[in-house]
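Just so it is clear, A, B and C label the chains in written order, and each chain counts residues from 1 on its own.
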Amino acid sequence: MDLLIQVLIAGITIGSIYSLIAIGVVLIFKSSGVINFAQGSMVMVGAFITYALVVQFKIPILISLLLAFLISGVMGMIIERSVLRYLTGASLISIIMVTLGISYVLDGGALATWGSSNFTFPKLFPSFSIQLGGIKVSSIYLWSFLTSMALLVIFLLFFKYSKMGLSMRAAADNQKVAVVLGISSKKVLSLTWIISSAVATAGGILLASVSALHVNLSYIGLIVFPVVILGGLDSIAGAAVGGLIVGVLEAISGVYIAPLLGGAFQQVAAFAFLLIILLIKPYGLFGTKEIERL
Amino acid sequence: MGRNKEKQWPYYLIFLGVFLIFPFSLFQYTKYILFLVNMTAIGVIGALGLNILTGYTGLISLGQAAFMGVGAYTVAILSTRVGLPLWVNLPAAGVVTTFVGIMVGTPSLRLKGFYLAMSTLAAEFLLEYVFKNWESMTQGIQGLFITPPQIFGMPINNDRVFYFLSVTLAILGVIGTRNLFRTNVGRAFIAIRDRDIAAELIGIDVFKYKLVSFAISSFYAGVAGGLWCYYMTIINPEAFQLSISIDYVAMIIVGGMGTLWGSVYGAAFVVLLPEAIQRIMEVLQPVLHMEYTFAAFKQIVFGFIIVVFLIFEPKGLSEIFSRLGNKISNLRRKEDRIARGPRE
Amino acid sequence: MENRPHLEIYNLSLYFGGVQALHHVDLKVKMGALFSLIGPNGAGKTSLINCISKFYKPNEGKIIFKNREITNLRPHQVARYGVSRTFQNIELFKGMTVLDNIKLGRHIHLRSGPLAGMLYLGKAKKEEDALEEFLDREILDFLGLTHIKSRVVATLPYGLQKKVDLARALSAKPEFLILDEPVAGMNREETQDMIKHILEIKKAWGLTVFLIEHDMEMVMNISDWIAVMNFGEKMAEGTPDAVQKDPEVIRIYLGHSSTGG
């Protein structure tokens, strides 16, 4: 029983981080139909930038965080302006490959700058031990979970109620009408990428805090896909729920299923799950089905 | 057009001559060039397969490397455990991979676009998992050795011997693909890519043809994988991971999706680029104290080139070359006209 | 024109969520007839032929073709019964040449599989050669498309694309030809040209033609029988004379005379 609780805690924590990262992908998809395969790289680079600011440049934590969000936001905007803008209306395979190309550049850049070793991420949260039932849980899990959830709630509220959020949804839904209503889709698009990058950085920081900092963190960008498919490519709430489910699933697979099947099954558990979902409900729990007309 | 065909046969003869004689030349770098050609030939076969599926039929696959792995492991297992000869193993690799492809395709091909891509991504990871963990068959991450079979007294993985095999198969692959698109099956693929609903309504069983496309693509991948196994003589799961699948997609994008020569140009490009970078770096940096810098630089250049191609020439090298070819022939026509003088 | 029905539609209904596209429609098309379906936009005409083609699955009703029920077939199977169609939005394969598009129309008659195709010499080559010869002889020449057969469809003007759409539908040598607004957007000359081709091929091959059109002059002049739809229901049907005089029809078209468009 203790083991199960530990597994669940780990799963929910990682899952909430997945949710956060997935929201970045959903945002960009909702506003431009682009599927961003570079999100994982942005998560990793965001974490490294934070690390560099705090540890290498020794800037105070709060300012470092602000700077990190700023820098990654600018990076996201640059990517959108200098690359994606030229590929509006391009085929899906082109979009996938261009974002993969960007991820290669980011990964390579990070590898060249920091190398391929493990780094200890600075402690951003007060550290203590929590007693849950009979087990000791490190506080970082709690902090990560709370931060993710807080950010998720902020996002949901932002999109549902704020003026900018409404504009973004309008622009995503029907570009032509949005333009007539005075909503600049170009501005909205840039803003989407900025937010998505900042969210990626937040996710990276949390992820690096819970596990470790390494250039391989960018692989998280792939796990995000089972999450968004489960939750529905165009649903923010779906991403939130999907992330938690996938996180828990992974944790459970690692502990209970992997020993049966051998190897690191938890690494592919999300994808086995993805296949099952694709066969049953490809548009996810909350997604909208596309209707084709002749 | 007929005129051109007649003029072409001297070129074919020259090509044939070079093809047959080159491997025996005493040029210092012959062995290295043979190696590059061999790697390219394998890449061409894999790229042809992927192009049929993605370029011509419009079905995105991120799992080409995993299918090559199936072919490679088939060859390895048949060769080491059952002791079958090359001329059985290589086609068998194609056939086994075709079966796996059909198994993966049957549920997946009901999906479209992004969801299909994700399904192939899942297949890629799951097959990788099988390669790593079905140790009784694949020896897992340690890798599987094979004793290279002998042809005319020389092992198959000898650069020269393998060259004749691989280039011949690559040429056959190109011819097969070209023929395919002169017939109804190939046309059906393109119709499915361009307007699958209309295709269905004019009588094409779209699902069946998607599956056929997947099967043919898998066959090519399996043969490419089998060749890889014979050339490397040791295979491990690392050779068939996602980054290799992405390499193949890059090949057809850089080369030209939905074009015959695109697969060839793209394969050559993706195989030769890292080699070129390595040579350049060896020349430029006598002191390479960080060993990962090469890997990092390779990644950056690769990613950058993909992005640049997609922005500036999404139709790839085949489009660039074809435009160049048109310019040259237009120039020649102009010269002809000038030479002939003003008409009455 | 025989009296046997070629196509029978009974009680056909089609819903999209809350919207009812077709409402208990009954129709009979006689063999060899030129049957026209008219009605305002949104009346359900294209939905009806999409049900025949099986692009939509009707919620209620039956479709019977030559005494065989085709209501539950898959879309690609309908073509095998000898039914061909053109499309309102052309739906040609824009990246391919005119010839390849038309060849695709004949797909159901071609037998070469992938292996034969890749080998080419032998079975596939024979089939391709016979195909080209057939198309040159019976389709391209007839429709005046021989000079553009190697052109990529995307480079052609609208009128020619419409012709290629017709050629593609004809290349399967159907018995039942559905034309969805074949002269939409064409000028007078092109329209006359198209009408001439349709009537000629109908006579030469003994086709039954099912026509959807808005050009009233054309419809009244060439049809054997007309059905009028509105709001997903069949409002009236009869000979062109009878339909022109029907008060319901006049009301629907409010002010449109028989020579209007």
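In this section, a residue touches a chain if its C-beta (ideal position, glycine included) is under 8 Å from a C-beta of that chain, and two chains touch if they have at least 3 such contacts.
Please read all numbers here as calculations on a predicted model, not as lab measurements.
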Centroid check, CA-based, most central chain -> B
Taking CA centroids for every chain, report which one is farthest away from subunit C.
-> A
Centroid distance [mean C-alpha coordinates] between subunit B and subunit A, Å = 33
Any idea how many Å lie between the Cα centroids of subunit B and subunit C?
-> 42
For subunit A and subunit C, let me know how many angstrom lie between their CA-based centres, rounded off.
-> 50
Would you please write down the residue numbers of subunit C that are in contact with two or more other chains?
-> 55, 87, 91
Taking each residue of subunit B in turn, which ones touch at least two of the other chains?
-> 197-198, 201
Which residues belonging to subunit A are in contact with no fewer than two other chains?
-> 294
Considering the complex alone, what residue numbers of subunit C touch subunit B?
-> 53-55, 74-76, 78-80, 84-85, 87, 91-96, 100, 103-105, 107-108, 110, 112-114, 116-120, 124, 127-128, 168-169, 172
Per the touch rule, the subunit A residues reaching subunit B in their complex are 35, 83, 86-87, 90, 92-94, 96-98, 100-109, 111-112, 115-116, 222, 225-226, 229, 233, 261-263, 265, 267-268, 271-272, 274-275, 278-279, 282, 292, 294
Once bound in the complex, which stretches of subunit B touch subunit C?
-> 176-177, 179-180, 182-188, 190-191, 194-195, 197-206, 212, 215-216, 258
For subunit B, which residues count as touching subunit A in their complex?
-> 54, 60, 107-108, 111, 113-115, 117-119, 121-123, 125-126, 128-129, 132-133, 135, 197-198, 201, 242, 246, 249-250, 253, 257, 290, 292-293, 295-307, 310-311, 314
